[in-house]
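Read the structure below first, then the notes.
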Amino acid sequence: MRSRIRSVLIPVGSAAAVALLWLVVTATAGQAPTAGRFPSYRAPRLAGHSDLNGVWQALVTANWNIQDHDAQPGVHPELMGAYGAGPAGQSVVEGGEIPYQPWALAKKKENFEKRMMVDVTDDKKWHDLGDPELKCYMPGVPRATYMPFPFQIVQGSGDYILIAYEFTTTTRIIRMNWKGEAPADSWMGWSRGRWDGDTLVVDVTDLREQTWFDRAGDFHSDALHVVERYTPISPYHLMYEATIEDPKVFTRPWKISFPLYRRMEDHIQLLEFKCVPFTEELLYGRLRRQPGQASQ
Amino acid sequence: MSRRFVSSVGTALVAAVVSFPALAGQARKAPAKTATWTVPHTPWGDPDLQGVWNDATSTPLSRPGGLSDKQVLTDEEAAEFQRELAYNLTRDRRDGGAQADVNRAYNEHWMDARRLTITKDHRTSLIVDPPDGRIPPLVPLSPERQQARAARADAAARFAAGLPDNHEDLSLPVRCIIRTDSPPYLPTIYNNDFQIFQSPGYVAIAPEMIHSARIIPVDGRPHIGSTLRQWLGDSRGRWDGNTLVVETSNFRTDQGVIFQDADPATFRITERFTRVDAQTIHYEFTVEDPHTWTRPWTAMIPWTRIDPAEQMYEYACHEDNYDIVHLLHGARIREKNGETVPKRIPER
Amino acid sequence: MRTRLSFVAGGIGALLALAATPVVAHHAFNAEFDANRPVKFRGTVTKMEWVNPHAWIHIAVKKPDGTMEDWMIEAGTPNTLFRRGLTKQSLQPGMEVIVDGYQSKDGALRANGRDLTLPNGQTLFLGSSGTGAPYDTPPKKKG
């Protein structure tokens, strides 16, 4: 008898549970977060514009490779084991692939093969070899944005915005509504900003041609032109987009995009990553005086 | 101390003996009052220091000999003082022999022209305390620090002879690790520029060399943990009226990181930034270290606004630092040719 | 009565002796460049590197025997020139410059650009703002 009652109760209980669940789902439809979707949001104002102040960081693995990439052993796995291995990641390039001109793929491959090679003994070939990140050179734009390190936007009431990156204490100055041209090329480029509604748009030109987009050897020429867009999409996210144009290397402009996450730790701040000392043995070790050579 | 420091960096010096007319009295020039000027504030209420500023001057840090009681010069004396300093500092001179000539490196076009002018207040030193305008006497070094200093002096002697053993014999600026970005800020021959940015809760100071920024919270948060050590230390700011007061700690313990090679364990620095008029910030710093100086001392350097006419530019350093290779590679070649480092005579 | 004022000077020494970071002492110029090997020649610019910590001017120099040599001339920070209004357009390949300097002690074809002029005698990079008062003559001493 009891079992029959139980067996009757259970389906009724289930139906009720299902009914309740259905009500709950209906009531919260649109509030459950969906990947890639952000409800409409307007950031607080600062001096009349979106307030982008904060410490931000990308979570994509684009610094390894901005296109689709499998997990990889990395460099010197016989020494590094899993420490040096790289994770898998999906392309941040809209459409998936970088539209290289046919000749450029061979150059990219060469870059990748030589990414760990360094030889600075000949001034004329100083930049010919090696990933600039390996050598602790400033990463350029857009790579600085997706290095696995935080950066800080300091936006005030003047004509300039500072972006400070933890990687090698890089800084760049965004000059707002600026007419002046760059006097020469620079590693972090010449950045001129303006507001497009709630979006900060930064036009970057005159970048040193020696920067790479990632550790996979993706590269550009001295004709690189980057237009970045920083759009607040929630109190904790900016959407970052960068349009890349370089008629010497690519067949057309192309675009990357991914969210930037606000670092929410209590008392978060940029710490120092001055990596020059970490590279000196690699760069200059072969120029050490050897024991037995007379000096003093 | 200063002489040893100079020899330890291996510079060729041209000692100049300059005569001044008899300096009468101690007429102290009161700073001009601009009663009508008030500091503007940012929209969130902090005094506004934003802009690009330059701190170049020829006024020496320490008061020159013979002027120990004279803190401020008359207009006529100041003109003479400025002229004497400029004559000693200008790179357009070709006299003094080939050694002096090669050491001047370049001509004035590459130098910051403002560094040939003394401060507007006609002081005889940047140091304002102690009253004699001099760095206080030094405390005897512990044996460990003496040994460390001797090792560095040996390295500097190798460098001065153009025969460094390796990159570690080179100074932090040569290696492009830190230059004028480590506090306290002192004027140098060029790129004496700083850009100040502000946002609610922060003041960021970006010196030109080497492209770093000190992003200073002014919200009262504590310093980072004491085991965290940074080349530029860890800075915390607060507003004292219209003055930004900055305390910096957590410096690394590498030699030469701390100003004048003071003891990182006991070194303390406080900086004060006060906007005194539309074009001027007074930058004042106080340093103390009972293991180095017998008392704290303070200097004040005026910063002059230069934007929008002049801007700060990127100062990449390590990226194109061919000099390191020239110095090291050149040393190896010259050693093969039999060159050796002259024996260093230790300082007494 | 004369008051003797003595202080260590010489361009690099004065401020730098008392400065936090000896920026120019970074380059013990007379340790790397040979005071006994002055060079003065005229060459054609092949490349100008507007870089820090030193700009580099690459010039092709014709030797007396007619062969060409490639020299690298070390200069100062380009940032100073940018603030004077100069840009990378200001020195183009093909321009002729006269270099007055000192050769590297290791014998490399490299020199310290002590003074750089154009063939017409004008100082290279003079710029419109000039350098201010000429301080290269000793000031008159007062009795």
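Here the chain labels run A, B and C in written order, and each chain numbers its own residues starting at 1.
In the analysis below, a contact is a pair of C-beta atoms (placed from the backbone, for glycine too) under 8 Å apart; a residue touches a chain by one contact, two chains touch by 3 or more.
Since we're looking at a predicted model, the values are computed, not measured.
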Chain located farthest away, centre of subunit C as origin (C-alpha): A
Innermost chain, where centres are averages of C-alpha coordinates: B
Centre-of-Cα separation between subunit C and subunit A, whole angstrom: 40
Subunit A and subunit B: spacing of chain centres that average the CA atoms, whole Å: 36
Whole-Å gap separating subunit B and subunit C, where each centre is the average of the chain's CA atoms: 23
Multi-partner residues of subunit B (at least 2 other chains): 176, 311, 313, 316, 319-320, 322, 329, 331
Junction residues of subunit A, two or more chains touched: 123, 183
For subunit C, residues that touch 2 or more chains besides their own: 56, 78, 81-82
Contact set on subunit B toward subunit A in their complex: 42-44, 48, 50-51, 154, 158, 163, 165-167, 175-177, 195, 197-200, 202, 204, 206, 211-213, 215, 217, 221-222, 224, 228, 230-232, 308, 311-314, 316, 318-320, 322, 324-325, 328-329, 331-332, 335, 338, 340-341, 343
Subunit A contact footprint on subunit C (complex, rising order): 50, 56, 72, 78, 81-82, 86-88
Touch list for subunit A against partner subunit C, complex: 123, 181-185
Contact footprint of subunit B on subunit C as seen in their complex: 1-36, 38, 49, 51-54, 56, 75-84, 102, 104-108, 110, 112-116, 123-127, 131-139, 141-143
Subunit A residues touching subunit B - in the complex, by the definition given at the top: 46-47, 53, 120-121, 123, 126, 132, 135-138, 152, 154-162, 164, 168-173, 180, 183, 186-188, 208, 210, 267, 269-272, 274, 276-277, 280, 283-285, 287-289, 293-296
